[in-house]
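Several structures are given next for inspection.
Next, two complexes with chain A in common: one pairs it with chain B, the other with chain C.
== the complex of A and B ==
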């Protein structure tokens, strides 16, 4: 799952997969802005066949928090 | 003050005449086209009343294919580059924008930081009234967007989208 997640985030941000580290977020990836955040969440919904709430779309703003939310859904 | 407005009005009329001279476009009343040199049309496009097209000052292209219909009060902001495929129909009051603000930058200035992302809309798409197509959106061919949807992201061919943010409905 982690590889798929990093691949999906990297694709939206136009980065190499290795550039999406476990600490990745808007603070250390310059073009991870509010527009990219929306694009990332929609891309992940499509990739993992899940649905995020409006609050989650705005709150899951780091690789770690997204991974945690996805694990709860995909594995739970 | 008056002179400034007269000059702007004359410039916009000049822009329209240049488009009408060069392209096979039906232009209805009160259509505005800015930076017309960056805008190209295919054959038999229609710009309905009060359509507004803002071209690019930065070298990007705004390309409308053939038989594209831009309905009344649509707004196309093409600073970041925009292409619309043949036979695509934009319903009334559709907004396609290629620019957005940077909330992390200083916004209270006469010239705030703006960010740009190209929008590509494929052939034969139907964009419902009032929909907003956000910067960076890519729609494949024959997509349908429900009225008042707000579209982000990249989508393939023949996808139906609805909602805010718009999600796949079929």
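== the complex of A and C ==
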């Protein structure tokens, strides 16, 4: 899951997969802005066949928090 | 105004600029009527309505002295058209219709009165694969007067 997640985030942000570290987020990836945030979350909905709430889409603003939410859905 | 699918009628394009001078001059020479500058405290942006007899209306959006949402956009994309505004008599019904048609819609900002439109409520949504839309309620809110194009 981690690899798929990093690949999907990297694709939206136009980065290499290795650039999406475990600490990745808007604070250390310059073009991870509010618009990219929405694009990331909608891309992840398609990638993992899940649905996020509007609040989650706005609040899950880091690789770690997204991974946690995904694990709760995909594995839970 | 003729309404089409989703109960939406086109209203204007939102154009983000760093400063208004060049954009207003360009639009004026194209035949646009340039409205007064309105400070939207809620969004922390300056707004100018520009209307034309045959060309699409344009809302110029530019930053105030303090950083706001449009500053981030300008840093990332430069001057650009970043939202399309549609008028609707029923925002919820329009959003429901868009979703029913299979589009992913995310609420970006809930409805708030817009001083630029005489207190009518505006809300923002992100439509997957399309971009940011602003929905302007046809109903006039409790504020009055508005700021029309001169």
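Basically, the second predicted complex is superposed on the first by the 76 of 76 C-alpha atoms of A that agree within 3 Å, B and C clash if a C-alpha of one lies under 4 Å from a C-alpha of the other, contacts with A are read in each partner's own complex, and residues count from 1 in each chain.
Convention: contacts are C-beta pairs under 8 Å (C-beta built on N, C-alpha and C of every residue); 3 or more make two chains touch, one makes a residue touch a chain.
Computed from a predicted model, the values in this text were never measured in an experiment.
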- Task: Would you sort A:65 into first (chain B), second (chain C), both or neither based on which partner it touches?
- Result: neither
- Quick one: classify A:57 as touching chain B (first), chain C (second), both or neither. both
- Which positions of chain A sit in both the chain B and the chain C interface? 33-35, 38, 41-42, 45, 57
- Query: Can you list the residues on chain C that touch chain A in the complex?
  - Reply: 69, 72-73, 76, 104, 106-108, 126, 128, 132
- Message: Can you tell me which positions in chain A touch chain C when the two form their complex?
- Response: 31, 33-35, 38, 41-42, 45, 54, 57
- Query: Which residues of chain B touch chain A in the complex?
  - Reply: 100, 102-104, 115, 117, 134-136, 152-154, 165, 167-168
- Task: In the complex, go through chain A and note every residue touching chain B.
- Result: 12, 33-35, 38-39, 41-43, 45-46, 51, 57
